[in-house]
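Paired with chain B in one complex and with chain C in the other, chain A is shared by the two complexes that follow.
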Partner chain A sequence: MGRAETLKALRADAAAARLAGLSLPQGAAWANAARQGALALVGAMGLPTKRDEYWKYTDPATLTAGEAPQAALFTPDERPVFDGVDRLRIVFVDGVFDPEMSDDMTGENLEIERLSTAMAKDIHWAKDLYGRLETEGHDPVERPLAALNSAFATDGVVIRATGKVRRPVNVSYLHRAMHSDAILHHVIRVEKGADLTFLENGPAAARLSKVMEVDVADGGAFHHVRTQGRDHERRAVTGSYARLGEGSTYKSFTLTVNGRLTRNETIIHLTGDEAVAHVAGACVGDGKDFHHDDTVFITHDAVACESRQVFKKVLRNGATGVFQGKILVKPGAQKTDGYQISQSLLLDDDSQFLAKPELEIYADDVACSHGSTSGAIDDTALFYLRSRGLPEKQATDLLTLAFLAEALAEIEDERLVDDLRGRLESWLKRHR
Partner chain B sequence: MLTIKNLHAELEEEGKKILKGVDLVLEPGKVHAIMGPNGSGKSTLSYILAGREGYEVTEGSAELAGADLLDMEPEERAAAGLFLAFQYPVEIPGVGNMTFLRTAVNAQRKSRGEEELSAGDFLKEVRAKAKTLKIDADMLKRPVNVGFSGGEKKRNEILQMAMLEPKMCILDETDSGLDVDAMKLVSEGVNALRDGKRSFLVITHYQRLLDHIKPDVVHIMADGRIIKTGGPELALEVEHNGYADILAEEGI
Partner chain C sequence: MSTEEQTQVKEGVDQNTVDAVQRLSGKYKYGWETEIEMEYAPKGVGPEIVRLISAKNEEPEWMTKWRLSAFARWEKMEEPDWAMVNYPEIDFQDIYYYARPKSMVEKPKSLEDVDPKLLATYAKLGIPLKEQMILAGVEGAEDLPAEGRKVAVDAVFDSVSVGTTYQKELKKAGVIFCSISEAIREHPELVKKYLGTVVPASDNFYATLNSAVFSDGSFVYVPPGVRCPMELSTYFRINAENTGQFERTLIIADKGSYVSYLEGCTAPKRDTAQLHAAVVEIIIEKDAEVKYSTVQNWYPGDENGKGGIYNFVTKRADCRGDRAKVMWTQVETGSAVTWKYPSCILRGDDSQGEFYSIAIANNMQQADTGTKMVHLGKNTKSRIVSKGISAGKAQNTYRGLVSMHPRAKNSRNYTQCDSLLIGDKCGAHTVPYIEVKNNSSRVEHEATTSKVDDDQLFYCRSRGMDEEEAVALVVNGFCKDVLQALPMEFAMEAQQLVAISLEGSVG
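This part shows the complex of A and B:
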């Protein structure tokens, strides 16, 4: 067998193993068709293996395994994130909606339903989005794990914002069972000129597959802040697929602390002129069992759009960080403003940062820049702080937080910035 | 206050000898100046006193008020009352100047077993001291030394010194890069801290600064040693004749 055939066979094997225990949920005709379509895609593509170019830094084996590897439960000693925010809270326990713990799902300028409810209806607006944005996101890189999610997602929320939504919608994911395997899928539509803040927090399950499809119509704004819990052994593969209309905004920030394996993919398609997309992430990891991967693909397909990627990772004791980020500027996407920075702070020699920043540009009037760095704490700065009386550890923490500050600054709500910074500070103190 | 005896030091990596037997005794309340050609080891001496890594002391000793300086971590030296105003103050992106100052003041107080300064008291004090140094609110908010002009950086060093109230202040070429007005501000800042007990070691190239901060003793440093010590008139001599005569006299 040649290399291509071998890879195809490996992918088919991976798909067969994963599909063995799964069955397609049933719903309305359109929903069943969408799931069948997604399943057919998985059949054609197979599932990724570490031989895949797109997975060369992150081994997907535990993400495609038939069973979720167990993950010890973790009881946080901190106040849940977003507790201080006036919000509409929706709770999932091990990937299953929990009506008891969730708030009443109504709000001004807001329609929310459980995914299964929406997918049982013969006529629903989600029909035009479910699995669609995800599928469009396969061009030019195949994303079979996302297709698998669209085929088998059992739960999630479907949200439509029709105007300015005052209270943020907060989805909390609790992890209560050691072997839980969650497949969640959200569909979000921000109508013309509408404005929605979407908050997510928690580990969700021992293994989480999550896809979020977000369609932001002209002039709409979507704000997203997410934290992925503090569980050390959880695994997650998430995909955020967004399509942005003219003059619309998509701003997303993710904080990742601990977790054995995290792959966060963000695929954004700027289709309307003057759309703005900001994607940022901060992560801190300690130990060989920490592996965090940010994979971002932003396509500029309209005039005068702005995109910004800011990713910072703090790694210690053999932790691994990955960044694969691409800006693709299509022909005709003039006046594109694209920025990408990925940096890691390695607190010792054992940790590693693997980065693949890419620009692909087919228009001539564009301003794109990218940079990627990996380094240790600056000795001169450390000495300066210590010479003013800061103990070495405190000085190191201060410089580490300073390193993360640029990513945190991408969050617009100052109180959230302060809250998350405080949590990072506590994490650093615990992991000295 | 500060007693340096026969201090020898070399660069850890290259083994290059830089200090070749420095002797200096600085009494409480006194101002000593160190002058000397570029590369004579003045900054190295100040770094070694402050505890910077990368140097190996091969011989000699340095004590602050009877305590062995060379045995302490940089932060312990700071808490013991040593302060170095850097020749090249360090830029620290992402750390607000105000946060930095408060953290430093409280870290020192904590290590001395004193109570932390309340946010209100701290703010009052910092504002008052910043005002006399013509440091505006914006500079206090900005990241430490980032985007500061040369003069702003030096004034910021003096502000830190004023807030930390050290016993032993070392100023490494605090006057370099300052215009006449800034030099006056900085000198006034330093003079305001002279209280008869606090000691100063002022490293400078120019007599100019010593017109404002009057030294009791002037040392000339060359090739890693103090080769001549005298009164304020020694600085004037250097100003007029340069170092050549003194170096020749000492056979360097």
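This part shows the complex of A and C:
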């Protein structure tokens, strides 16, 4: 059997194992059709194995296993993130909507409802988006886990912003059961000139699969800030699919603290001229059981668009950080400004950083650059701080925070920056 | 010809650059053919052909067995498809695996006995197979010191080596420089000890095929403490139609030795594509140093992508001893498809690997090239500088790996890849893999022109240049350094490259 056939057989086996325990949720005709379509895609593609080039540095086995591996619960000693922000809060506990803890789903310039409600309606605008951006995202790399999500997602939120939305929408994911396996899917449409801030926080479940499809119309703006919770044993695979219209903006920041396996994929398609996409992430991990993977794929398909990727990882005690980033500039996407930086700070000798920062460029009038570095704390800087009387540990923390600062700076709301920085500081203190 | 048409280029790319690229890759000077009677093995490949090649080279049995086991493996392997290159499927049974000039059937005793047609071929290529002080007609020759420069040449014509110059003088220094077929006969102990230890017979599809059917190539052994008294060079020429060239080069630099090795290659213009699958293995022992330079100028095909050489090459250097050093320099201008990743295994502590590359792809050419730096020893250093230039409808990809193993403490890598696109129909791509498994090592990968030496920039600016001019000057100056490191043989082609600036370059 040739390599291609072997791979295909392995993928089919993985899909069969995962699909065995699942059944398609039922809804309106269009929703059922979308789910069937997604299921057909999974059937055609199979599910990934570690022999896939796209999964070179992260083993997807526990993400495709029939049953979610258990994850112990963790009780944080801090107040929940975003608590200080006036927001519309929606809560999912182990992937199940919790009406008690959630706010009323109403707001100015805002239409919001649960995915399960929307998918039961015969006529709904989400029909044109659900599973669509995800499907388009399979070219040129297949991402079957996202298709699996579109087929089997049980719930999520469907949001339409029609103007400037003053109160951010916050989805909180609580984790209460050791074996929970959550599949959530959000559909978001930001209309022409509208502006929405979307906040996410929490560990969600023992295993989370989440897809978010965001369509930003001309001149719209979407701001996304997410923290992935502190449960040490949780696993998550998330996919953010965005399509950007002319002059629109998409800005996203993710903070990941702990977690056994996190794979965050971001697939952005710049389809309108002068669109802007910024994607940033910071992660801190301690121990051999920490594996964090940022996979970003940005396609420039219009003139004078700007994209920016900033990813920083702090790793210690055998933690693993992965970055796979790609800027694809299609023919004719002139005046593209693409920037990508991925850096890791290895606090000890056992940790590792694996990166594949790619550029694929088919237009000549572009300015694209990427950088990637990896190394330890700078001895000279450490020496300087110690000569000023700072104890070594404190000096190390300070330098570590300085290293992460560039990624945090991507968040526009300064209150959030301060809050997240404070959390990082206390994490570093605990993990000295 | 499409290359003659006015190419649309963006602002900031000067006409000299465009002209220089077109001069280099637009017209192919070496497309003529030598009419000579050839002897062929039957078309196609199978164990009998492998045995035949082995027999033609009068090889001992262990060598034949080695080839046959490689062939058995190859039959089970699949052609790699991960590179960003597209070409029609290769029919491996439609190629001649062995072709030699009839006049070479009886081995000539000395260079004087070689068929004058062959000597004339090399003379026409600017590589006279005469033991003379300096190659005539090379610009700048008059500036050389009075004693001149000697270069020993091994000339490979299709499947066989036609002659090697300066063998006697090299022998005096203890250096062995001959064709690999001769080495297998004359120095079996060395070949047996080293062949396949850097690029194993099972390494990859093309290397395995090469292990089975390689017909000739060069062999170099520099004994301990010897500084090779002259530069060594091999000149490869594919002449016969429908013939694949599979050469094998084995270079061994024993403890504390030094050698500089050059490689050049050309082929006639033909409408059908031809396969070239070479393997180069370099072994560098403690304190030894090897410089390996290539100007690859195989026929690139015409402007519509018809014909040209498929250049699928595996090159690897193994720094086995402490403080071993290797430097790859390559100027890639030819071939329809290039698939080539000269690599460094930095096994010895404090060993050092360098890779300097300029890859130019024009018309329908496709190049997927780069390097691998595998850091295994402590305090190892590597540096990668890659400049890719695409024009016409060409695709140019840098693909590289930097791997810091857990044991490779305090190691260092610096990578810089710049690309320049000329016209809006071509593509430039970068696919670096970075794997860092210890924290005392530093790895930097960058692809911006803003990081040129700040002091130099400051100096230029203080002399009244604007930023862009200053950057261009510094980058050009740097390029020049790499190019000047190339030996005289390549100077004429390479000097033209100096005109290429990298304004507006992308990562």
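Remarks
Following the convention adopted for this analysis, the second predicted complex is superposed on the first by the 432 of 432 C-alpha atoms of A that agree within 3 Å, B and C clash if a C-alpha of one lies under 4 Å from a C-alpha of the other, contacts with A are read in each partner's own complex, and residues count from 1 in each chain.
Convention: contacts are C-beta pairs under 8 Å (C-beta built on N, C-alpha and C of every residue); 3 or more make two chains touch, one makes a residue touch a chain.
Predicted model only: the values in this text are computed from it and were never measured.
On the superposed chain A, the positions of chain B and chain C stay apart, so the two partners fit side by side. Using the contact criterion defined above for the overlaid structures, shared-chain residue A:Ala381 touches chain B, although it does not reach chain C.
Of the two partner chains placed around the shared chain by superposition, chain C is the only one that A:Leu359 touches, whereas chain B remains out of contact. Touch criterion met: A:Ala367 reaches chain C, while chain B stays clear of it. By the touch criterion defined above, A:Lys330 reaches neither chain B nor chain C.
Once chain A of one complex is fitted onto chain A of the other, the partner contacts of A:Arg167 are absent, as it touches neither chain B nor chain C. Once the two complexes are overlaid on the shared chain, A:His431 sits clear of chain B and of chain C alike.
Panel annotation: after superposition on the shared chain A, the angle at the CA centre of chain A between chain B and chain C (CA centres) reads 70 degrees, nearest 10.
Of the two partner chains placed around the shared chain by superposition, chain B is the only one that A:Leu399 touches, whereas chain C remains out of contact.
Of the two partner chains, chain B is the only one touched by A:Gly389; chain C is not. Of the two partners chain B and chain C, it is C that touches the larger number of chain A residues. Once both complexes are placed on a shared chain A, the shortest Cα to Cα gap between chain B and chain C comes to 12 Å. Overlap of the chain B and chain C contact sets on chain A: empty, with no shared residue. By the touch criterion given at the top, residues 2-4, 53, 331-332, 334, 344, 346-376 of chain A touch chain C in their complex.
Taken in their complex, chain B has these residues touching chain A: 50-53, 73-75, 77-79, 83-84, 86, 89-90, 92-95, 100, 103-105, 107-108, 111, 143, 160, 164. Remark: chain C residues 9-11, 78, 82, 406, 409, 419, 421-448, 504, 506-507 touch chain A in the complex.
Contact residues on chain A toward chain B in their complex (touch as defined above): 379-381, 383-392, 394-395, 398-399, 401-406.
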